[in-house]
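Each chain gets a letter, A, B, C and D, in the order it is written, and its residues are counted from 1.
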């Protein structure tokens, strides 16, 4: 525990160093990245070593403001969630070395590093917090620091709006959490987490739902996700990486922790989580498919992956309530592993998108293209990340989903509702997988392959060294997890060993399967190499020509004729139309010799539309009417006082 | 040993079978049709050639055929052909295999998009779309099979204590599954009425338009991969209707390939007597098997306690 | 002695009604001065305060000076400066104001009747009626008149009402004259501050109508 | 002698009116310092009242006095710098009135006698009126007029309330001084009906001064028109003094066993205030008015917390302290902004992060603090109020409470972000100086420090203050 706090102090010291050296740009970057990363590595070593040799939870507490205690507890779940925090943070920092290059914004960059350090530390505190005061304290610090990170480029209006939206969701979510905790406090009279399970069964569901909404607004469950696709494009890419890769998982952590602490008997909790997960997953990926801004797309893809993780958790919870140990075990373990995997490949993808934005000056798919030849490392690592996030073997994404599938298949032997839910979960996962494939073939195929659609994209070059190194490392990790999944699966098993219901589940049988998966992956890679060699052999001494793409008879192809992201996704979007509304604007042809004609389609978030229509607008309308109260006439002001007297006297 | 032999035989015979479809279609058209060995000739011809690569393409374009072919081979490696145990098998292999198939599709689509051709992009988009729908059906089938046999591997589906078989206890359900899987086969392999491999207008194609720019050995690998995939689905269907089971491996094989050939003939028949659907009707067509499978799965809730 | 107290109270009531109907500011201020003196005198005739101490007599004198002379004098000088001697366009017309004044008296009588039972000792109902009426009419003037100066007069009337309440109900306050003096001082300073403001309003807008004072809103 | 705390500012106030400006400024800061020392002495129990029938050191009074004195110290430092940058015709009067204002606020905090407290609170209105009128503009005139008239009417009603309390004494045959100390002891003998009536008038009267809706109408005008140091004083100190009146009335009713009645009224006022400020913060065009409405909101929160009782009351008192610190800091920053941009309109400000960095840090940090984020103390106090309210099982009111908080946050953050990050291409009229930024920093830092480490004496004082209204940390 002391090691962990030392690590946090070092991390924060790194942030402080940034402010200290803000005038010396390069020195500042080196100092803060070095120090903070050191802290993260210490923390990472601590959490992995404790996780693998897990004995019992370690606790520590201080008294604060006389009657609060700041209590921390490091159990297996906390340790597991510490791993992505301490893994991604140093990588994101190293990435930022060449990404944050604008010396004019020296001070702002320093502030950015400072809040980065605060964010990392507060996330670590969130997962180790052992009472509600500590938790909300860390939680609010996390929201606040990440807000500042989002508004880094505040000159752009969209970024400000994104920051605003994020701020509101963060605070609204926090209020829901406050309410949930307050209800708990009402029942237990104690701030301590460990007292939660003792409360009566009745309010548990309500508490969970409040907390679920509160945490969900951070995690990005549908329909509380709308800040995500705005905030992620607004933030600098390494910030998007850490937010999407790690911070939103804190919402998952919260949901799971709350579930464990409440230990409610009602099966409804698991069912709610599962169903919400399914909706979030499918709609997330469909929206991702519909978006043309890479970072926005990735943000929606995060929503999708949150859905997958929730499906895993939901499977686990249903397993617990069905007394199906295998289902619970694999559901939870799969969700955990996916948390870890997603943190890596999503960060990788955001970093890739950042490199593209940095060099090709655009993040709109329809303005990119042909980057694979111009930025080969970025392109290849992005490809690896895309395969991984689509859940395809032999990359990491598949392993987590496999565990969830495995758990869900165990649920098929259940009865009635939980059986139907298990089927739906499996089918949903399959559909999500297919759509994710479609979505990421779109990104890779249109942004990195083909011909550049704009001049800027054509002039793009490889991004800086630190950027490439980090991305290569992450891509390799994605492949390693996919090929040698065993240690990572063990890590996730270690993560859930603190859960009473699944404790003691015999995993030997499953480990054999894992071996087989690993072998299959190796065999497959071998087969690909073999066929590749065969192909090479076949091409030996053959004539290799090159020419333009076959235009099916069209003789003057231009780059603008390439398929665009919009048209690629159009049919699929159309299939989900009522949930994914498309706004089309067509200028029409109205002259004999038509001039410039435009066709413009935009996919709008249904949640956003409904918030607008049924929440924001009515509230604003009512408020605008109520503004009459302060009309400036003193006579009526006095009348208010008189009226108040009369009303209160009637109360007597 | 039998397994390896069976696998090798299947790979060898793969190019022969699609010719059956062509023959059937020719028969319906009153033509003589190409020789049965036509596809072998094609392969040899393609292997001999060199290639012309578009200047737009990158290494992904060359990877597409390799990965596509490898994934199709993987399917057959794990599938219990002709009553023999597959070369590899483990609990849960179906999941990784169908996902590997997704990987193959991933790279095929990328290879198509790599050419910067609007037509290939169009094909890629359709491929991506229709396969998401087909995938749901496949996993529905897996759920049902798991419910019936309690296993998650191809080998155990057909060899467990309650094997998946039309002659078994749940024949009624399996008929639904059979129809569903048949439609999935047509979809995944781009056959009529989802796609017409013989059409001449690129705008209406799905699979064929994606490989317009491939040539030489690359094209050969793609074709081989496609045939292997078709064989896999046909074999899958065959195992479901595997009414007889002989003790003799050779007899089994003979019977198996007879049924496989029959399925190919039916494909040819379907292609001869139906026209391809309008593109906007295809999703509906692909959703039909999903509905069937889902219905069948729900039924098991009552049937199997 | 009781009748003299009642006479004073009736006069006070009359002054209230007069204030509600008068549109000439000078007359309004005279009415107010009269009312201030009447209200100040009431404790003298009130049955509870038979025993007069030196302190209370001194207090009485100070009160008459402040309420009857000082404050009305201040107001008069203000009105003279303003040069618009009439309340034009009140928010509620004079006849309606009178009518409302009558209603207030009726309601006060009703309330006084209700609460009399719960009060200690024997009280004249009239003093409670007068107190409530004066208070309520003061508030009514504040709400219904547009001229800032009339509002000050309304405020003073309200204070008179409160003072009447004090005399009628809570005699303990009289034990501490310093406190009472503090209250009076506050009133006086308040009126001075208001007077300065009135003067400023007049200088700025050439008018003391609150119509000009409605710019700050929302 | 305790009364020195009120007397010294009064005397120095008179002196400064007749002295040259520069000496007057020095005396202002000096008096603030002396006042603070006196306050600390009173706090340590070294000052005994010379007139115990009128003054006493109640824990809640001492708390308010300490906050007032502490804030005044920093505001006076700021004011010196601020005044030298603004053209004011009658600065001696301004300084004098500021000191009178301090005197009357100290008196209100230390008063024990019902009517003396009334006198003091009424005096605060009169003494602060010239401060608001300082700029002599049309709008300042209007604001002052409304302030004086509405508050006078309100306070007059409070006097009536005092009379009713005395009546309740009489009916209950309670003899003795009309001091809160005496009344609290004999509270149960007081006549409940008249006590309740008295409370209604007291809460409306002092509530007017405190800015509880719907009697709040003067507050935004006055706060926005007053020069910023005066706004900071009004918001950070004056409202607390008025609140003290409400608090003590509530205390009296609680002691009389009528705590539920008065608590419910306070909750109602609190929620109404929060909702009203939510309505006006959204789409506000003037940043000082925005801060003023935020004061209404926070006074509502405090009233709400006190009304709920239990843990929430502890939260409310903490909230009072931190709100004073943060809000006065915000008003001081707004003074800088006004000097720099020359307009109170939000639309005419922007990009403070770039052009006004030091003030931006203070202003944004203040906003973050007032919105209830750590490491500022309002985070703790709001959390405690929410928890305390749930503990009492008041789920409907807490729902409204939370909704209002979210609405206000949504409204305010939009405006603050516009000011901080929005577009701005013009020149800055007056650069920020350390003298005008440091006081804001100091106040914010105090809030942070109090959130990390709460001195034991302060903690004990809060506990003893809330014990009399049914507040405790154990619920």
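In this text, a residue touches a chain if its C-beta (ideal position, glycine included) is under 8 Å from a C-beta of that chain, and two chains touch if they have at least 3 such contacts.
All of these numbers come straight from a predicted model, not from anything done at the bench.
Q: Going by the contact rule set out at the top, which chains touch both subunit A and subunit C?
A: D
Q: Assuming subunit A simply isn't there, give the groups of remaining chains that still touch in a chain of contacts.
A: Without subunit A in the graph, we get B | C, D.
Q: Determine the centre-to-centre distance between subunit A and subunit D, using the mean Cα coordinates as centres, and give it in whole Å.
A: That pair's centroid distance is 43 Å.
Q: Centroid of subunit B to centroid of subunit C, CA atoms only: how many Å?
A: 99
Q: Between subunit B and subunit D, tell me the centre distance in angstrom, where each centre is the average of that chain's C-alpha atoms.
A: Comparing mean C-alpha positions, subunit D is 77 Å from subunit B.
Q: Compute the distance, rounded to whole Å, between the mean C-alpha positions of subunit A and subunit B.
A: 35
Q: Could you tell me which residues belong to subunit B and also touch two or more other chains?
A: In subunit B, no residue touches at least two other chains, as defined above.
Q: When you check subunit C against every other chain, which residues touch at least two of them?
A: In subunit C, 139, 142, 151, 210, 213-216, 218 touch at least two other chains.
Q: Any chance you could list the residues of subunit D touching two or more other chains?
A: Subunit D, residues with two or more chain partners: 145-146, 149, 153, 157, 193, 220, 280.
Q: Pull out all the chain pairs that touch, please.
A: Chain pairs that touch: A-B, A-C, A-D, C-D.
Q: Can you list the residues on subunit C that touch subunit A in the complex?
A: Answer in residue numbers: 91, 139, 142-146, 151, 210, 213-218.
Q: Touching subunit D in the complex: which residues of subunit C?
A: Residues 118-120, 135, 139, 142, 148, 151-152, 155, 158-159, 162, 165-166, 169-173, 176, 179, 182-183, 185-186, 189-190, 193-194, 197, 200-201, 204-205, 210, 212-216, 218.
Q: Write out the stretch or stretches of subunit A touching subunit C in their complex.
A: Those in contact with subunit C are residues 627, 630-636, 638-639, 642.
Q: Which part of subunit D faces subunit C closely enough to touch in the complex?
A: So the residues of subunit D in touch with subunit C come to 113, 115-116, 118-119, 122-123, 125-126, 129-130, 133, 136, 138-139, 141-146, 148-149, 152-153, 156-157, 159-160, 163-164, 166-167, 169-171, 178, 191, 193-194, 220-221, 224-225, 280, 284-285, 289.
Q: Residue numbers of subunit D touching subunit A in their complex, please.
A: For this pair, the touching residues of subunit D are 145-146, 149-150, 153-154, 157, 193, 196-197, 200-201, 204, 208, 214-215, 217-218, 220, 265, 276, 278-280, 282-283, 353, 368, 371-375, 379-380, 382-383, 386-387, 389-391, 393, 398, 402, 405-407, 409-410, 413-414, 417-418, 420-422, 451-454, 456, 459, 473, 475.
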